[in-house]
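Structures for review follow.
Both complexes shown next keep subunit A, but they swap its partner, so subunit B is in the first and subunit C is in the second.
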Partner chain A sequence: MKKFPLKWPLVGSAAFFASLMFIVPLYGATVYSFKGNGGKGHSWANYQWLIHQDGFYPALFTSLKLAVLAAALNLVLMVPTMVFLNLKGKRYKSLVDFLCILPLIIPVVSLAIGAQVAMPKFLQNTQYELVFFFVIIALPYTYRALDTSLQTVALKTLVEASRSLGASWASTIIRVIVPAIRSGITGALFLTFALSIGEYTITSLLHWETFPTWTVVAGQQNILGAIAISVFSFVGAIALLSIIALLPKRNAERVEVEE
Partner chain B sequence: MSKEAREGATLELKGVSRHFGSVKALDGLDITVHPGELVALLGPSGCGKTTALRIVAGLEVATSGELLVNGERYNETPANHRDMGMVFQSYSLFPNLTVSENIDYGLRVRKIDSDKRHKRVDEMLELVSLESKGQSYPHQLSGGQQQRVALARALAIQPRVLLLDEPLSALDAQVRGQIREEIRRIQLDLGITTLFVTHDQEEAMAISDRVGVMSHGRLEQIDKPIVLYNSPATSFVASFVGLANRIPAEITAKGKARVLNQKVNILDSAAPFAEGAKVNVIIRPESLELVSESDLDATRGIVALKSFLGPMTKVGIAVEGAPLIHLNVSSREVRKLEIGDKVAFKISSDEVMAESV
Partner chain C sequence: MTDALPLLPFFLFTGFFLIWPVVAVTLRSFKGNSNEWTLANYRPILHSGPYAHAFFVSLKLSLVTGVIGALLGAFFAYVIVKYAHGKFGAVIDSISAVFANSGGVPLAFMFVAAFGTEGIVTKILKDLGWDIYAGHFTIFSFTGVVMVYSFFQVPLMVLVFKPAIAGLRQEWVEASINLGANPFTYWRRVGIPILVPSFVGAFFLLFAGGFSAYATARALTVGTVPLVPIIIGTLVDGNVVSDQTNLGDALAVGMIVVATIVMAGYIWAQRQAAKWRS
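Right after this comes the complex of A and B.
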């Protein structure tokens, strides 16, 4: 079939305008975050104001702590589950897929209240209950990231090879499967971390203070400071995720060898 | 390579069955593999040979029957405690580990000390002639090299039994021939008991001490390759092992038949055929020979096919009232033969096998 000659210019233009929608507001926010007092000149004043605000460090630390815990818990729960589903539980996959989509369908208020009631007593009324909420809201994304990754590896053969060499299930998952689906795990980690660190609704409903809820309150006092907070959050999240993504990869270079 | 492998173990399957719902994948399989022996399980797809191997490896559970290694029951032993090395059909190397690390994997799991592990890995690399590839990753190796590493990895743990699940089927013909000879050399060198599953009869015949032919979950016959070929126990074995002509015939007397107007003796059968019964006789291509057209006892036909196979040529002869008859003839002998030529041939075998129509 003859190729449509205007395909690439059209795709390129669409991508360019779409990126403008993202880049222009970000550029504007960054410029404004450096405005001096009274909106004149450029300075670090808004960022200095931000880091000297009461509650900045505790809120940031709480968010980072909960996001790390949520990402870790998510992986501990989901990697073995997804391995089981892809190896031996294929008949349950559609059910689990449906269950994992529920957090996107159930209204956040119902989810927050309902799940809190169902939470074990020792977790209720501690900030760690948020970790479980973060895991739940990240489920739809984690499920897909891990599932896609697992479909690209010869899971059954790798597991059987590892088991026949004497490895236990735990050892097989840690030494063979996790490295083989590294990209999926990194993706799941990114998504859970990003969703957790930016989560506002549930945290606010349950009256906990994390970085997003602190931001809303602090930003009401200083509009340029609020913009600085947004830019800081964005750049911080990108930087953290980039560090994880750029961790040294083994086996990165692909070389084809002829028989 | 030092002969550090354990003494070969005796592997026994006694009445092993595996049912998937109403489907009998394996139906009362009885096999004994003697220490240091290489036994191949040969059969078409779905005959149960891979299921049998997976039961031995502990990757599948037998519905009934017993699996014994050196007389010890292994049915309930988990796969990771069976001490069996396995090479898979598809490339099964761990992609995130180098060749050396792959070979080291089973040793590391067993918590063997570092010096011994390094020594063992080096020995294995030497065994499979991949000394220079220790630091390469699997994707940097060819298919043949990957299977050699898989073999080294399986052997590194000094397994009681080596299990080969169609390890050559993903390789091209030339490499397949090389690797199968390498497998046999290493197996003989180490004296390791080996169970080898394949659907390629040439592969099975070439390197096995004995070959078990399977069909529909049952073992049809297990014997030395030459016995299977020359004295097949069933018509399935006769037709599956080697090329065979199935030609309509009529029983003329007890143990005798007439086929293509020639008289032949029928091999002893469990259920003798009645006089006048219509049967098919099974005749190997090399049991037929071209003769002079003046031979009055010969069968006449027309050359319909000529396939050059190197020193031999496969000739297909169209005969009235019979399917295309295949002969293996020396390529020199049929140099001048063309498609459409009239020829005559005779059955040279003393006895042939017959089956009911």
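Right after this comes the complex of A and C.
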């Protein structure tokens, strides 16, 4: 097969389209966010305006708190579930798989309306009801992250070894399995945290104030401030994920055990 | 059944926070104002009018952004698989992941900053002699929403379609050459037929995502483009006077029905694609 000199035309046009689609809006928003008062010059004014607004820290704190709780609850619920599924419950796997895909199928708006209809009053009266729905929304991603990770370890051998040395189930999960699937757990934690901290749909439809809903309200008073926070959260997310992608993979050092 | 006891917390959790809300909203969508069983809530959706129109606009938006996302994303995915390796590839992966999940409030504000009437890009283009606001375009219009949605649809396509391209085996290329094929014959007879099911599946996924997206459109349009999720939102906020209290429920169930049909297409396409991987 004759080699066609396609590399540079292909890479070039991909780079061109990508910069048009992604760099241009990002660049535009970044420049805009540094506009000075009255649109003159450049300054940090919009960023400073934002952090001095009423409700900035409470909203940020609420979001952080709910995201941490959601990430923690997600692990407490899903790590034992996924370990059991891969160890003894293989015949329930397709059912659990289906339930974990559902949040991608059911539109979040519909889930939010359903929550209003179905949740008991005592839950609807507290912002902590959001934690449960953040966990639901994260399920498709958590399931994949943990499942992929569990399939790379010799689960049965590890469990048998640990149990025959007299460890309880709880201590087997915490001291043997959790360290072995650390990369999957980190991924699940991070995804749940990121999804929760940016969640807008359910939060606003259930009328709670978190950082994203606060940003929309603040943006109605001062669009420059809202743009500043948008740029900040966007660039922050890219930086964080890129750092995580570049971290050396600890799993590679793991001793392989044949099943 | 008793052997499934460790799964009880999971089933209770998803049953209560996922299944029960869906069942509850479905049941209530068949109830009238005085709690009697009725189909009246669905009438405004099935007959022409603002609600049927909203479904039409939502479907059109999902179709257009799905097609744009699928075509451009597939092209990017091919170039990335072929030419981006190692750490550069890893960074591109995580950037795609961030962009694919960027369909939130920040994205809307960023596009206003770039392409709004006073936006930076708008001004630069104007200085270059192209006034994008000379015609009907605004960032708050249907075209504007398509632009913003493409920002997350294209990277989503890259994420879901990349494995399919990476799965094309070098042996197939070699086998084709040995049988006398040139690159075009290889793509026409082998490469593209293998990729079509994955491509269609990924398109369905993009379609479903575009159909359900709420935050970006809400922050961007404030109702200028009639989309079903936005209308449900305004009904819930009580900004719209409706003589039917449970109309929003019927719209929500309508969205679930559309999403289910689309995802059935996705699952079917996935099965077709899996045939080649065994």
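One rule holds in what follows: the second predicted complex is superposed on the first by the 200 of 259 C-alpha atoms of A that agree within 3 Å, B and C clash if a C-alpha of one lies under 4 Å from a C-alpha of the other, contacts with A are read in each partner's own complex, and residues count from 1 in each chain.
The definition used in the following text is that contacts are C-beta pairs under 8 Å (C-beta built on N, C-alpha and C of every residue); 3 or more make two chains touch, one makes a residue touch a chain.
Since we're looking at a predicted model, the values are computed, not measured.
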First, second, both or neither for A:V176, with subunit B first and subunit C second: first
First, second, both or neither for A:A161, with subunit B first and subunit C second: first
Subunit B versus subunit C as contact partner of A:T81, first or second or both or neither: second
Subunit A residues touched - subunit C or subunit B, whichever exceeds: C
Touching partner for A:I23 - first (subunit B), second (subunit C), both, neither: neither
Contacting residues of subunit A [partner subunit B, same complex]: 153-154, 157-158, 160-168, 171, 175-176, 179-180, 182, 250-251, 254-255, 257-259
Sites on subunit B touched by subunit A in the complex: 57-59, 78-86, 88, 90-97, 105-106, 109-110, 137, 139-145, 150, 153-154, 157, 163, 171-172, 175
Residues of subunit C that touch subunit A when the two form their complex: 3-4, 6-7, 9-11, 13-14, 17-18, 20-25, 28, 72, 75-76, 78-80, 82-83, 87, 90-91, 93-95, 97-99, 101-102, 104-115, 118-121, 150-151, 154, 173, 176-177, 181-183, 186, 208, 211-212, 214-215, 218-219, 228-229, 232-233, 236, 248-249, 252-253, 255-256, 259-260, 263
Touching residues (chain side subunit A, partner subunit C) in the complex: 1-2, 4, 7, 10-11, 14, 17-18, 21-22, 24-29, 31-33, 39, 77-78, 80-81, 84-85, 88-89, 92, 96, 99, 102-119, 132-133, 135-136, 139, 194-195, 198, 200-201, 204-205, 212, 215-216, 219, 223, 226-227, 229-231, 233-234, 237-238, 241-242, 244-246
